[in-house]
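Listed next: structures, encoded as C-alpha cells.
Both complexes below contain chain A, partnered by chain B and then by chain C.
The block that comes next holds the complex of A and B.
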C-alpha cells in the first residue's frame, strides 16, 4: 500500500536534465520532506506528481492508481504554492469552496442562479459550507472567511491556502516551500501547526523546502535531492547520523560538516596529513574523512594541529573556527559555551575527532562502509 | 490648524499648473461637443451668424429635435446600433478571451506563429479587406442584414492581443492552483482569468462600442435599406439631401446618437475604476 509512488521519473528542459530517474515512495499518511539546493529539481518533481508537468519517462502512482497520463484536475492531490496562489477575486470562503464545488457539482449545477434551483444542489452547497466552516475552525480563520486575499496578511493568506488544500481531504498533499514568505517567528509557529494538521488529516504529504531545519523537525523521512537525483531518503536522524553521500553530509547540519582530504595507508588505515584517524578501510588511494563540528574537540595529547582563527559564542555553545596548521583546511568545532574563557584567537591546539562518529567517503562522494570493523583495532595503536 | 491650511494651500499652488493644463486640454476636447449641443438648439439663421456664441439667442430646440424625431425613426436606429454593438462585443469577447488565454498561458506547438499572425493582423487596416468582404456578402445574399453588420468584426485581433498581454501578467501558479482544484481550461478562462481581467475587458468594451456605434464606413457599404440603418447612418440623412445641409437638425440627430453612448460610458466608468482597484493580483 502506498500513498504516493513515483518511479524512474526523468524530465529534461531543453539541455537541462532537471530530473534524472527519481524514485520516491511515500506511505499513506507519511510526511516526507524534499530538501536540496536551489535548482535541484524539487519543484519540477512536485509539479510532475501534481500533474502540472508531464515527465519524459517514469510513472506516478497515487493511492495505488497509475495517474501518469491524467491531468491535474483528475488526480486527487492538493497543493500549496509558495505564492499561495489564492484567487484574488474571491473571498477566503469562496477560495476554499472552489475545489469542493468543482468536484461535487456538475456543470449544470455550477451555473450561477440557475444551478441553485436544480435538484440536489442545495444539499451539496450546504454540505460544502459546513465543511469549509469546520476546516476554518481547525485553522482558526473563521473570522477571515469573508475577506479577499488582498485584505489578508501573508500569514493569513498562507492559512487560507492551507485550508483550500485540506478542505477536500485529498489523498496526497503537496507543499512547495509554503513557509518561505513568512517571517522567522511565524515560520516556527506555522511549522508546528502544519505538523499537527498533518497528524489530523493524515494524507501522504510531500513537503518541499530548502530549509533543513524545517525538513529535520517536521518529517517522518527526509529526501535529500541534488542535481536532479535523490541521494538519500531516510528518517531525519539517519540523514544526519548516517549519511550515504558526502553531499548529503555537507548539506545537512549547520555549521557544515568538517571535510578532510585523507589517504589510505598500510593496513587500510586512514590518515589525515599523518594523523591516524583511527578508521580503516579496504579502499585505497585518496578518501574523504568527515566529522561534524560537535564531534571535534580539543585534546591535550593527540589530534590534528590547528590554529584558532575566530570564536563565535552562541550562548549554550561555542563555535571554534580553526585552520589546520599544515594543510590549511578550515575546521569548526562546537564546544560547550561554558568553556568560553579557555580559548583565544591565535592559539595553537590539537583537535581530535570522535572516531566513532566520523565518516569516510570515496573521493567521488559515496559513503565508505568499511570503517567499523577496523575501528576498535586501530584506535589503541595510535593512542 | 493654521499649519494645515497653509499646507493645503501650498499643495493647491503646487497642483495649479498641472490642473490648468488638464483643464485647458479638457476644454479643447469638449469644445466640439459643446458646439454640437449649441447648434442643435439654434435656428438656422444663428448657426451661420458671424457672432460666435454658445448660447442661442432664440431657442430652437423643439423645432430641431422635433424635426429629427418626425422625419427619421431615431429609436429604430438606436435599437439597430445597440443590437449591432452588443452582438459584436459579445462575439469579440467570446472569441478573444479564450484565444488570449491560450496564447498567454498554454504551451502548444505553433503558438508563437499564431501570435505572430495576430500581430500581423493588427497591422491591417479595416478598410483593406472591405471590397473583398463586400463581394463575399453580396454573393452570399447577406447585404442588408444584421449578419453583414456584425460578422466582419466578430474576431478582433486587437482584443486577442490585449487580453493575451493582460493574461500574461496572471501568475502561473494561480492557473496551476485552478487546475489542481479541478478546473478544466474552459473553466479557468471564465472563472479565473476573466474575473481578473475586468479592467482590460471594460476598456476594450468601451473601445469596441464607441468604434462600432459611430462607424459610418462599413454600414454605408452593406446597408441600403432604412430599417437597418445604424445611428451614424441616420445622422447622415440630414446631410446633403436635396434640402441642403440642415445643421440644426443634423446636430440634434448627432446629439441623440451620442447620448446613449455617453450614458453608457458613465455607467461603465464606475465599473472600470472598481475593476482596477479590485484586481489585487499580486500574491
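The block that comes next holds the complex of A and C.
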C-alpha cells in the first residue's frame, strides 16, 4: 500500500536535465520532506507528481492508481504553492470553495443565478459552506473568511492557501516551500501547526524546503536531492547520523561537517596527514574523512595539530574555528559554552575526532563502510 | 594639509545646501508643469472663454455673448445629427473592437507559435498613418472596382455603395475603426495577460478547472479586470474623437450621414470660421467625454478593485 509512488522519473528542459531517474515512495499518511539546494529539481518533481508537468519517462502512482497520463484536475492531489497562488479577486471563503465547487457542481450548476435554481445545487452548496467552516475552524481563520488575499498578512494568506488545499481531503498533499515567505518566528510556529494539521488530516505529504531544520523537525523521512537525483531517503536521525553520501553529510548539519583529505595506508588504516584516525577500510588510495563539529574536541595527547582562528560564543555552545597546522584545512569544533575562557585566538592545540562517530567516503562522494581499529592502533603514527 | 581638505569639503557642502529638497522637486517637475499649463490648461481655458463670445476668424472685433452659443447649439439640427451619429458609432466600435482584441489576444496567447508575426500584423493599423490607410480602404470598398464588392458579386449578394450611400457610410467608417482599434486593444490585452501569474493557472488546474473556459472564468477574466477598465476607457475615447477617417473618406457625407462631432467642430471652426460657436461645441464635447469617463471608472472600478 502506498500513498504516492514515483518511479524512474526523468525530465529535461532543453539541455538541462532537471530530473535524472528519481524514485520516491510515500506511505499513506506519511510526511516526507524533500530538501536540496536551489535548482536541484524539487519544484519540477512536485509539478510532475501534481500533473502540471509531464515527465519524459517514469510513472507516478497515487493511492495505487497509475496517474501518469492523467491531468492535474483528475488526480486526487492538492498543492500549496510558494507564492500561495490565491485568487486575488475572491475572498478567503470563495478561494476555499473553488476546489469543491469545481468538483461537485457541473458546468450548468456553476452558472451565476441560474445555477442556484437547478435541482440539487442548493444542497451541495450548503454542504460546501459547512466544510469550509469546519476547515477554517481547524486553521483558526474563521474571522478572515470574508477578506480578500490583499487584505491578509503573509501568514494569514498561507493559512488560507493551506485551507484551500485540505478542504477537499485529498489523498496526496504537496507543499512547495510554503514557509519561505514568512518571518523566522512565524515560521517556527507554522512548522508545528503544519505537522499537527498533517496528523489530523492524515494524507500522504511531500513537503519541499531548502531549510534543513524544517525538514529534520517535521518529517517522518527526509529525501535529500541534488542535481536532479535523490541521494538518500531516510528518517532524520539516519540522514544526520548515517549519511550515504558526502553531499548529504555536507548539506545536513550546521555548521557543516568537517571534511579532510585522507590516505589509506598499510593494513587499510586511514590517516589524515600522518594522524591515524583509528578507522580502516578495504578501499585504497585517497579517501575522505569527515567528522561533525560536535565530534571534534581538543585533546592533550593526540589529535590533529591546529591553530585557533576565530571563536564564536553561542551561549550554550562555543564554535572553535581552526585551521590544520600543516594542510591548512579549515575545521570547526563545537564545544561546551562554559569552556569559553580556555581558548584564545592564535592558540595551537590538538583536535581529536571521535572515531566512533566519524565517516569515510570515497573521493567520488559515496559512503565507505569503515571498520574501527583496536584502541592501540589509534595512537599517533608519529609526532 | 588635512585641515585644508576638510575645509574644502565643508565649503562644497555649504554651496550645495541652499538647493533644498523642495526646490529640487520643483525644478524636476517644472518641465512637466510648464508643458501641462501651456498645452492643456491654457487652451482649455481659452476655449471655455471663446465659447462665450461671437469670435470669428478674420473678423477684427468680437463681443461677449454669454450663453448664446450654447442656446443655439441646443436648437441646431446640424449639431444634433453628429451627436446621434457619434453615439451610434461609439456603441458599434467600442464593444466590437474590444471583443475582437480580446479574442485575438487569447488566441495568440494560447498558441505561442507565430506570436510575434500575428501581433505585428494586427498592430500594423495602429502604427501606420490612418490617412494613408484610408486610401487603401477607399480602393477596397469602391462600389465598382473594389475587391470587397467583387467578392460579394461572385457570391451573388447585394453590392452596397459602402462609402457613398447614407445607409452604409457610417457603418463603413465604423468597420474601419474596429479594424484599427482591435489591434491596439489586442496589444494592451496581451500585456495584461502576461501580467497574470502562471501559478494561478496551475492552482486552477489542481482545483479542478478542467476546461479552458473554466480557467478563463476563474482566472483570466477577473485578473484582466484592471486592464479591461483601461481598454474600455481608451477605446471609448478613441472612438469618440475619430476624425481622420471621416475627413479622408467621406467628409461627413453623404448628407451628414457619416458626420461625427469632431468633424463638425472642425468644419464649424475652420471652414465657416465661427470660432466662438466651435468652442461652445468643444466645451460640450469635453464635458460629455469627461462625464462618461468618470461614470465608467466609477462603475468598473467598483468591480475590479482587489485591495
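Observations
In this section, the second predicted complex is superposed on the first by the 370 of 383 C-alpha atoms of A that agree within 3 Å, B and C clash if a C-alpha of one lies under 4 Å from a C-alpha of the other, contacts with A are read in each partner's own complex, and residues count from 1 in each chain.
One rule holds in what follows: contacts are C-beta pairs under 8 Å (C-beta built on N, C-alpha and C of every residue); 3 or more make two chains touch, one makes a residue touch a chain.
Given the structure is predicted, the values throughout are model-derived calculations rather than measurements.
With both complexes brought onto chain A, simultaneous placement of chain B and chain C is prevented by a clash. By the touch criterion defined above, A:157 lies against chain B but remains apart from chain C after alignment on the C-alpha atoms of chain A.
Touch criterion met: A:87 reaches chain B and chain C at once. When the two structures are aligned on the shared chain, A:50 is found in touch with chain B and with chain C. In the superposition on chain A, A:102 contacts both chain B and chain C. Shared interface residues of chain A (contacting chain B in one complex, chain C in the other): 47, 50-52, 71-73, 77-79, 81, 83, 85-89, 98-99, 102-103, 148-150, 164.
On the chain A side of its complex with chain C, the touching residues are 47, 50-52, 71-74, 77-79, 81, 83, 85-90, 98-99, 102-103, 107, 148-151, 164.
Every residue of chain B that touches chain A in the complex is listed here, in rising order: 171, 173-174, 176-184, 187, 191-192, 195-196, 278-281, 283. For chain A in complex with chain B, the residues that touch the partner chain are 47, 50-52, 71-73, 77-79, 81-89, 98-99, 102-103, 148-150, 157, 164. Remark: chain C residues 197, 199-200, 202-211, 214, 218-219, 222-223, 225, 304, 306-307 touch chain A in the complex.
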